[in-house]
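Per-chain numbering from 1; labels A, B, C and D assigned in written order.
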Amino acid sequence: MQNEDRLKVQALSDIAHLKVHGRTTGHLSPLTLFWTGSSVELNAQGSELWIEVEVNYEQYEPWISVVINAVPVSRQMLKAGRYWVCIFRGMDKAAIKNVRIVKDVQAMSADSGCLMQIHAVKFDGEFTPIEEKPYRIEFIGDSITSGEGAIGAKAETDWIPMWFSAIDNYTAMTAEALNAEYRVLSQSGWGVLSSWDNNPFANLPAYYEQVCGLLTGENNKALGAHEKNDFDSWQPDVVVVNLGTNDGGAFHSSEWVDTVTGKAYKQRLKEDGTYDEEDVKAFEEAVVRFLIKIRKYNPNARLIWAYGMLGLPMMPAIYRAVNAYNMLTGDKQVSVFQLPNTIDETLGARQHPGRLAHEKAARELTGYIKEVLRSSKP
Amino acid sequence: MQNEDRLKVQALSDIAHLKVHGRTTGHLSPLTLFWTGSSVELNAQGSELWIEVEVNYEQYEPWISVVINAVPVSRQMLKAGRYWVCIFRGMDKAAIKNVRIVKDVQAMSADSGCLMQIHAVKFDGEFTPIEEKPYRIEFIGDSITSGEGAIGAKAETDWIPMWFSAIDNYTAMTAEALNAEYRVLSQSGWGVLSSWDNNPFANLPAYYEQVCGLLTGENNKALGAHEKNDFDSWQPDVVVVNLGTNDGGAFHSSEWVDTVTGKAYKQRLKEDGTYDEEDVKAFEEAVVRFLIKIRKYNPNARLIWAYGMLGLPMMPAIYRAVNAYNMLTGDKQVSVFQLPNTIDETLGARQHPGRLAHEKAARELTGYIKEVLRSSKP
Amino acid sequence: MQNEDRLKVQALSDIAHLKVHGRTTGHLSPLTLFWTGSSVELNAQGSELWIEVEVNYEQYEPWISVVINAVPVSRQMLKAGRYWVCIFRGMDKAAIKNVRIVKDVQAMSADSGCLMQIHAVKFDGEFTPIEEKPYRIEFIGDSITSGEGAIGAKAETDWIPMWFSAIDNYTAMTAEALNAEYRVLSQSGWGVLSSWDNNPFANLPAYYEQVCGLLTGENNKALGAHEKNDFDSWQPDVVVVNLGTNDGGAFHSSEWVDTVTGKAYKQRLKEDGTYDEEDVKAFEEAVVRFLIKIRKYNPNARLIWAYGMLGLPMMPAIYRAVNAYNMLTGDKQVSVFQLPNTIDETLGARQHPGRLAHEKAARELTGYIKEVLRSSKP
Amino acid sequence: MQNEDRLKVQALSDIAHLKVHGRTTGHLSPLTLFWTGSSVELNAQGSELWIEVEVNYEQYEPWISVVINAVPVSRQMLKAGRYWVCIFRGMDKAAIKNVRIVKDVQAMSADSGCLMQIHAVKFDGEFTPIEEKPYRIEFIGDSITSGEGAIGAKAETDWIPMWFSAIDNYTAMTAEALNAEYRVLSQSGWGVLSSWDNNPFANLPAYYEQVCGLLTGENNKALGAHEKNDFDSWQPDVVVVNLGTNDGGAFHSSEWVDTVTGKAYKQRLKEDGTYDEEDVKAFEEAVVRFLIKIRKYNPNARLIWAYGMLGLPMMPAIYRAVNAYNMLTGDKQVSVFQLPNTIDETLGARQHPGRLAHEKAARELTGYIKEVLRSSKP
């Protein structure tokens, strides 16, 4: 029916002007997108553009959103296989379209078969240079930062990729408002010290140095997910850590038993319902250690611990920890910021922040980052 | 990789509980969706659902949106071919999901090859009965009603399906707010008497009695697009006509010459810039004739001429015409309603109303329809 | 206590730079403010300012609002007597403050004793010239335009000055948004042909040519309320007529009997609940006559009939009347604009539009007036 | 003119059903209102109500707002003297009006002559019982809590009562949203340890135990301002302390020299622009001491330190101090809450939070207090 002969296939690695967002290995043949919000960006001067994806999964399929000239225009599930997806067609050949193909779902630590790759593009035009943005932000978080529940009806309860969004997400909104490039490292249920259910291995700090170390399985290893991240290649101006919500939850969950060692883990509550001092102290030490690690790899970034979209119980501990870190290191470029709580009107699916909660958080966080950027000179 | 054996293929025609929205021929093997906003609705109790589509086009490809439990979760271009699209997977098998697959692009009078069909579903559960909604609304309009420009950046100028939306659209929003079923008949550039460029054949009234008579080509004919619409099977409580914008534009466009007869058509301006009386009178007569026709097929509906989202120049003529119709027929169940104008803040792509303009229009129109439904007893 | 010796009393008539808003007789010794929204404006360079008022009433006391640098800062009832009111004190002597003292209540046709006058000011500085605004708007209306119910709880039912506002009022808001001077002629319950209760004398057109002809009693006459208005001294760019709501109400009210002549007046409903043709025709003729009269005194103004804040029943008749006027006179500088209806969320006191309804109306009307000013050259 | 004979004068002390809000001495003959937001509340069943005020000042005159059925309807400056102010007239005699006359300006430590008293009412009806509200909140703060700049144009710079508001104020809005009685203790420029200009005597804690101890002069003393407050008579459920903004400012101000002792006071900055450890520690100790004092007099209240409407620089110190207090006392009913920062769009007069900033703060604080009340059992 339509004639596609005029379209020329190019491997990603052959494209001169191409921007990859999100931590990757640097390989482009193909490119593997690991984290939510990671994307390929092109300035496409031509009438029709396709991308060739390769997709796999045991349980949790990838989704993508397509953003054209900064407006999301498509969002779709990617089924398994290697195939072509049309990004646009029938457009003015002469106009330059800024295009981003964004992974809309978090890295899936629970599905070692989950894979999303881009091999090539099919296009009838030229790719033009992409302007550098003035700022770079790295976000580190849990389900909130993964955009879990940011899309979907309030009644939804399934834990499936469909209810995750990298677009209706405070990370994307904040970056947009600040005209910043951004990266996201996030995992639902995980924390600084442990996951919501006391699993001490489900913590983001342990994997901070790797490209996407929380992914499991031989395939992900072969793809380079466990390689050391090349921090030199992308230094953020700001690192936002939005963790603590699951560490707080752990106090209210059952113990987690390591089936290998038989050892049980549990953040304990005291009889009066408050946190056990020793256990909350362990959380604080984990925060301090994580800040030290982040600083090690990002010597010039402002570090912001942003917390509060699902309640504030860990805030005193976070402030104590950041204070302790500050005393220990003399590092002044670190602060704490309270994000607005999610209320009935702003709730999304799965009892998580909805789009309105993300918009509100982004508005406040943007204001705060502007101030931090203005007042501090790293 | 994933095992899909447990999924059972069913032809649409074999599904007991299925709702088709939008004017169709009644055929389900396969079902052809013609108009924007037309859709298939299912209450799906099962974990995984696919639909088999058949798609074609010369120029303008179809797009669909997927709405689950009243929330849009996916929107994608459909490329040519016959293939399966996954609607959801991995969900709780016991929960009933209300699912609508919505055609997101208008019927394409300019592309006789444009085709969107649904053949079958692949599912692992049961379809349960779908509750009737208390109201039915028919919308008749032009590009505004087609949602042209409701999605996309302001800078976009291409006339392509990507910038059309049946979801970010006052029709869907109004129906949602009123808990109503709805149908849309719309065509960009068309009017009551003529199109924006004075083509007298590009008018909605001429095709009102057919299923989708404005489609051309043998294939559409064979599919039944030109069959007489079965008005008895779906009687609206309200018919909203949002036409006049292109009829107004015609006064400012060049003449249109019929290449067969050589006859030229032109709505003329007088020297002082106002409308030629005779020509505006012809518009008014077209409005009267259209109201008579609508009333003929919808004896009990309230008729509302809603106009104003892109300026008000034809409003006096519309009021005169509705008045004349009223005098002629004694029909009291007809009224005029001014929709809010689109302003800079609410503008979308292609100089058309954006999502915010549609939201505002829907809010006002909903209030007005509520009053009309309350006060009038047909 | 505080020393006021440094304050110098000046009669209004001695102030070089003084602006009086609203129709008045031109007398300044003292100045009588008749209509709602009328005011005295000063650019006051000094630290402390008082005004000397003279106030009287049988039933309905005047209220004023004080607006400093465009922000309302005080609103108060004026009790009977002649006395000084402090407008500001303790301010920087060098800074120039733009001050308006605004009558916050409509002219009271039902209280011939109602009086509000300003005699003099007491000040320690200089009055500086007041910049001319680029536009002038005249508003003519009923209770909506008088701001009845724009302030106060929804539960309020008393018909008293306290619930009237010239500030939380679409007239003031529209003028502010357009940077326009404005005047208001309005009376609660009145219409074009008759009042809500069929009194044919309670109509605004009958008094349009006088300064404030609807006021009664010897005192008002002596004050010049019945004098011919000096139209030459203030020619508006736009005249907004917001009338028809009470004319519509008259169809649903009992007859009004003239106690002098014994004649009964009543706008009749037909058995089917629609308006009697003859009676609605009488309304339309009254609209035409009023437009002719307005045009006579405002040869270059754009005339806008704006209607709809409390429902739309008279809109078809208004459109017919404006059309008839247009046919009769060839006058193109007249149009109709539908104002947004008041809904539960925007309702104020006494079942009238609240502040939110006025804000919404002002927003829409402002947009429309901008277009009218842009497109038409008088 | 109007006959006021039917009005009966009653001393405040003779009114059976009367509520006084705000800290007072208990005296009603007359009643002295000291703090901003303090008020007299009446349920007035009658048609006309006046109050007799006695007012004085050297520099800073009092203002009042009148709130009827929860809606502010009047706001006026009170000039010096003893006189009657009409609150309402012409109302339905049978209806019960809830009336509050609210002091709209803070206690004026800088004007020992400032006085606002109410002696009596003049009324033609009965006062009916006033329902108890379910909650009581005490607010302690500085200029933000005094509503400085909450009213007036952005350009205003004078420090005068006109720009203070107890109505467009987060305290009133929060109390309204929670259906709570409330009291305010506040003073512009003051802090926990010192004022913005390092005056160590200008701190709220020093005067917490007195009715209104920060007022000076023999007259205030005679009126009982320095009496011990009767804490037993009004125990709050929540105490909100919004202090720290001026303590932060002190680091950036010149030293303050005690003219009696010659001693200089200064919160010092280090060379790198951060706070001197010793000085910030002194602030923290002041916070701890204040919390101990508040707890002493309010054994069952939840204490909330709410801070952030004009930036966050003291937040780490506040968290440290609250933590230290918690460690010292074991008191769990104390927490910290970050209020939303004021931005350009929400700025009011005098570089202070405007009405929109107060609305936003109230919305967030209300949500937080609801949670605190739900989760904690004192």
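Simple rule for what comes next: contacts are C-beta pairs under 8 Å (C-beta built on N, C-alpha and C of every residue); 3 or more make two chains touch, one makes a residue touch a chain.
Chain by chain, the UniProt names read as follows: A, B, C, D = GDSL-like Lipase/Acylhydrolase.
Source: prediction; values computed, not measured.
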item	value
Touching subunit A and also subunit B, the following chains	none
Angle (degrees, nearest 5) of the CA superposition of subunit C onto subunit D	180
Separation of subunit C from subunit D, taking each centre as the mean of its C-alpha atoms, in whole Å	38
Chain centre separation in whole Å, for subunit C relative to subunit B (CA means)	44
Inter-centroid spacing, subunit D versus subunit B (mean Cα positions, whole Å)	58
Contacts with 2+ other chains: residues of subunit C	none
Contact graph of the chains (line, ring, star, complete, other)	ring
Each pair of chains that touches, named by its two labels	A-B, A-D, B-C, C-D
Residues of subunit A defined as touching subunit B within the complex	1-2, 56-61, 63, 68-71, 73-77, 79-80, 86, 88-92, 95, 113, 151-153, 155-158, 160-162
Complex contacts: residues of subunit B adjacent to subunit C	272, 274, 308, 311-312, 315-316, 319-320, 322-323, 326, 332, 335-338, 340-341, 343, 364, 367-368, 371
